[in-house]
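Before anything else, here's the structure in question.
The letters A, B, C, D and E name the chains in turn, as written, and every chain counts its residues from 1.
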């Protein structure tokens, strides 16, 4: 299996994630888009590990860390979103711009 | 056979990902995310990372999606295109396309002709050994991190 | 594999302290919650002691070279501890007047500090990533701690989204690095790249992606957007913590990655960093000119300062180690001095911001008549930030100029020179407000709590003394050079 | 009493700073204690300075009272101080003028009344000023140079006139702007020298610096920019009238008497001897700017209605003479410059004192509004006339020698400099002296002479007070003494200048 | 102070040794009067008089000692100096004195006239404002003048030169309550200052040519021919510029008539007898330089010729008695200048000597008259012959001496000058002819206006208001100086009798001493005197040949004279006022609007916002509270800050664009 394909897939997922982050108003969907980006990273890591036949398995371990931390981040992120929702009854990101300039 | 499986999974994942960022229905979006994440797990399996694939399924599909669904419900997200997208979609698409073009080109041309040899799968034991010797420190740090995240999420989310 | 426990001793102590404080908080009654502060303080002091112990013995390395406790790491660990101590002292009185979960507040700070200690020693991408996350994640929480304040919510959200996003980009970069080198160990990466430099385009791409993650931490242009909004919304001590400790941590990571792993590609990334530095300082300074909110002004100013610190990296060289050394020393001295002057400025902001006065610059009018001591201190910090001798800031800038000029970066130096002058304008404008203007009616004299006062005084003394004897920091930087 | 040789200079420089700390610790409101400490901590350095005068080897052109300690080894900066015949008069001038300013402040302090802060800032200023004149290390020089800025900024901004904030920030920013480039120049010198050094004495030695012509010119331009702003040379002078006009009396005096000299001193001490070749390239431009400044300053004076502003513009002209002397790069010219610096310090300082005292009484400095001052206050008017006449360069008073020797030097500048240009400058300078006489006499006519205008007829003004006179008499005496015995200064400066000019022709 | 004493002669005679006291004593007196004068009984006058007596007492033995030596071949005068200052490794400036024939003559003139004026003033200035200061200034003036005379080097001479200038300023403006008087003072100072600048440059030229300021040394070097002719001509002309200013020669003569605003004794001392001859003295002192440059000498001669005639004509129409004397002074100074110009060195200096006596006499006499009638105008006088007998007699002597009546002082010197000019003319010099003709005409005119002045003042019917003004003779303090000066005005010329009796030529000569005397010229001169005086008598006393010039075809010339050839208007209108009012304001305007704006423009250009430049140049900076550069940078900041929209997605977009651009850019460049 050519590694190019895998890499292309990950680049694609990564870009789609970026689009989601930039275009979606709902904070939760933005979080989901970021998860997609992180998964793109994981695909890379694991694929490279397989490609290089690397014995220390750093790629896979790295991926494990990413998954774990992504989950933790998501927890905090959702807490923040809920906090905002509680105060303003909206989770639209572009309405959150009290502070500027 | 593997390449064909991969292509099939990749196509499904891509479509799901696109739907995720374009759907009008938030809950549908979460379901598309499930599809994408499952696809990633399949890719892991295809690239000899069995343990990571199961972790992916367990943590992402099992925990994260549920968490996200809770999040969606708690914030009573509105449904409908105007509410879900901001007015810079074209711009965002342009940016995303640009990034994809740049990274895609570089990666495609740089890794020309390299094949992934899917030989023996990595055993969990191997992985565990590495994790608890060489990477024990990050591991421990992550545990503190999880603790901090836990505490943090709780104090942020709880009502005073 | 044998693990050198002494090497990770400070981290262990700090983790213990962290857990201790967390537990302590559970059992403290509400009116005693403030005891978390002395407890944390003691914990950090113990950690500092452990760091100093290592400093007095010998350099260590463990976990297969992933965790190195060399003089570089020791210096920055000590700096982080000191910065944390300063932030604790300035937090104490701030928290008392706000409804913030004191116990958790300190736990978060300690966790973040732990991340910083780890990152100082990390010579592995995975460890750096994990440590960076440990620094950031509690910081997201801290930014949002004033839960009922919409601005604080907003600060946390922006900080979080921007942070996670840039982490994702950075990770993408890291994954590519792993892909081309087959390792995550910085030293090994360097070897691979220097031997063959395979797939150079990918390497460069990954460096750029990496820089995004770190650029976010150090608030370099164009990754600095979150900074003013977050600083303004966060609790002020947190802003101080972010602008000093968190930023320094970013630089620590940057220095290690760039100088250890990618030094062979310096010719490729050098111009990029140079441009980035100039853009950063120019943007920060120009926008700072128009600020009316002191914390926002400090935020933009800290962006500009990041630009200055980044500048010497813009002269790094693949072959010339002495030049790299100069650059390193310059950046390090700046970071050390910056820690004190920036914290000091925030401390004064807190001292003034309590009791009815706000954080608007107009609130500082006529402060001279009511709190001359604070004005003196603030003047010292501001003029130090501007780089006016004999305050330490001049030495910081001097080292940068020196390094840059030595490498022939005359235009970089001139760009920085012009920026320095622009910066003076807004610092002097604040000084002007405090000293020359008449106080608004109704503002009365007020005192400064002893703890806060002590912190301010200490920072001021350090700034002045180091300004007169910059070698105090210069030698530290020299001794801790990676090269 | 060997400590004077070893530590005298250090004492002179840092005693005032110590005094400032002392005063900061004195409780507020005890004005007389504060004034006492200020007198002590400006008097003591003056005393030490006088003692040093006794030990100074006048025939020696090199540096004396040198101290050279390691200060910042990591950047090769040393605490190297010392005086030669060029620095000594400047140091003494700073010590004396600050002391007199403190005496004057004992009589009158500007509003808002805050003697503690005001005098402490004056003392800090003194440290910066004397430090600049004794520093023999570029970094040290730079530090002292900058130390002056902040106190002056506050002095102008706190106790100044109506537009004080504008003037203060303009002064601060403009000077800072220049000094940053000066610093870059210093660093460049450091890297072009072999072995790398910041030591002014070492850098002057042959063979230490080697670089291309372009590099030398660039470095000179950078350093000169910083210095020129401070001097101030035309067209960088625009901060000066504002700063002077708005500053309180003592601020104006210190600014005119000492601060401006830092710029010209920098040229003599650093820019020219270290980069003689570049200096030769730039000399005609500097000379041209100086000549323009002379004419331009005088013309501007004619247009002024504000007494202090007029004196400020006259400084532009006088510093033009000093710069003209420096631009000739000859022993005559540099002697002229040093003499001119001292003379201008003494005379213009005096003029600002008087202008301040006049303002204090009339609450206006509008020249057309004043008139018949001599009739109201014979002593004050007489002193104003005396100082003005000294300032317009009357022989026998201090102002003459600096001007005439500067013109003399520009008749015959250093070999290799364009004679036609410099003689043109000389002629312009000559025209400038006539214009200078013109505006001063016109000012005297309008301020001092004539009948007393109606609005002052029944006002009763106290003539010069004892404390004012105490502050002024030394300056007044110096104006005369230096005019009659220019030797007093030139004997000190000449050996050093000769030594310096030998560097230029090497 | 005395570090090195350089002796030129072996040991100086005792009195010469202390000759430096001559200028120092009056100068010290100045300070004594300033500090203590008011407390004294005589209000400081006594100190002044004592000082000048002491100076005179020293001058007289110095005079005799010196002229006693003048016969010796090797004697070049006494000189002594100390180092005043050193600069560079070779240049030395000395402080010293040089005493030779020219010096001692001047010493006597200055001291004696000064003494007369001091004494005279005790009465004349009695009760006037600032009496003490008046004496202080007189003393300082005397000291400076003596310093000028004695100086052995040019720079020291310049010090004295400027010193007398400033004293003149102080004294002209003595009654400064009136603006006109202070205007006159400023005018005097500035006009002479213009010449002084030239003088100063002349000193520079000589200094760099001869490497010294010492007059004696310069003279020797010039004589040895070490200096090129061009340099010498330049130097001579520049020095002469100084002389033009100080001695009120065309075109810088305009200040002298106005200087009559000062008290009359001051006019006698400064603007007739002493200070104004400083210019002539300078030319005489540096005559070697002039002599070595024929071109320069011609210029000197022509300037003299122009001035003498022009001023004499003006003197003819003045109504103010002091102004008549002032123009007469200009004219007579021009005589001296022209004499020097045509090579009649001794004659020129001799005229200084004689002119001093009779012109001081005339001024003091005029003062006495003014004292009596309280008016300067001759139209308020007339018929004072009987009321002021002493004044009348002495004044008549003065007028005759001025007019050149044979036997009186003025005749001898004037005659020598005419002879000198004629001599030069007959040796083929065109300039000599010009001078001769001009001098002849001037002699005629001088006699004419002298007569006019005398007759209008003392003869005829009183024109003053007899009911209010009761003229009476002045006190002895005023008349005594008149008498003494009258004696000198008669006898003063006798030391310069033609032929072998001529002592003066022995004292003061250039090159070989030669006393010229030509009987035809003397006869011609006498004729001119008689004719001129007679015409004056006829026209202004007898009323013959009277016609109203204002209605004659010559009206234009009268108008020209009345307006002083429009020179004053020219200077005021073309130079002074434009500079003072327009040019200076323009300069200030540029300062406020251009230069400040250039600073702004620098910032703008550097930061790429050229647009704001126009605005800033256009904007009046005065009311802008912020520095222009700051304003521009501030504006950029203002613009930039709107990028900080507060929208986090917008931020993220910028971030990715940043990455995209940098990566793409990097790939492109590699």
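In this section, a contact is a pair of C-beta atoms (placed from the backbone, for glycine too) under 8 Å apart; a residue touches a chain by one contact, two chains touch by 3 or more.
The shown structure was predicted, so the numbers you read here are calculated from the model rather than taken from an experiment.
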For chain C and chain D, chains touching each: E
Nearest-to-centre chain - CA centroid comparison: D
Furthest chain, CA centroid comparison against chain E: B
Between B-C and B-E, the pair joined by more C-beta contacts: B-C
Gap in Å, rounded to a whole number, between the CA centres of chain C and chain B: 31
Chain A-chain E separation of Cα centroids, rounded to whole Å: 95
Averaged-CA centre spacing for the pair chain E and chain D, given as whole angstrom: 35
Euclidean distance of C-alpha centroids - chain C vs chain E, Å: 75
Multi-chain contact residues (two or more partners), chain D: 165, 169, 173
Shared-contact residues (touching 2 or more other chains) in chain E: 630, 641, 644, 646, 648-649, 652-653, 656-657, 659, 663, 667
Shared-contact residues (touching 2 or more other chains) in chain A: 14, 17-18, 21-23, 27, 30-31, 42, 47, 49, 51, 56, 58, 61, 65, 69, 72-73, 76, 79-81, 83, 93-94, 96-101
Pairs of chains found to touch, sorted by chain label: A-B, A-C, A-E, B-C, B-E, C-D, C-E, D-E
Contact set on chain E toward chain C in their complex: 606, 630, 633-634, 636-638, 640-641, 644, 646, 648, 651-652, 654-655, 657-659, 662-663, 666-667, 670
Chain B residues within the chain A interface of the complex: 2-3, 6-7, 10, 13-14, 17-18, 20-21, 26, 29-30, 33, 36-37, 40, 43-44, 46-49, 51-52, 55-56, 59-60, 63-64, 67-68, 70-72, 74-77, 83-86, 88-89, 91-93, 95-97, 99-100, 103-104, 107-108, 111-119, 122, 126-127, 130-131, 134-135, 138, 142, 145-146, 149-150, 152-154, 156-157, 159
Chain E-facing residues of chain D, complex: 163, 165-166, 169-170, 173-174, 235, 237-238, 241, 296, 299-304, 330-332, 335-336, 372, 389, 394-396, 400-401, 404-405, 407-408, 411-412, 426-427, 430-431, 433-435, 437-438, 441-442, 445, 448-451, 485-487, 490-491, 494, 497-498, 501
Residue numbers on chain A that touch chain E, as the complex places them: 18, 21-23, 30, 93-94, 96-101
In the complex with chain A, residue positions of chain C that touch it: 125-126, 129-130, 133, 137, 140-141, 144, 147-148, 150-151, 153-158, 160-161, 164-165, 167-169, 171-172, 174-176, 178-179, 182-184, 228-229, 232-233, 290
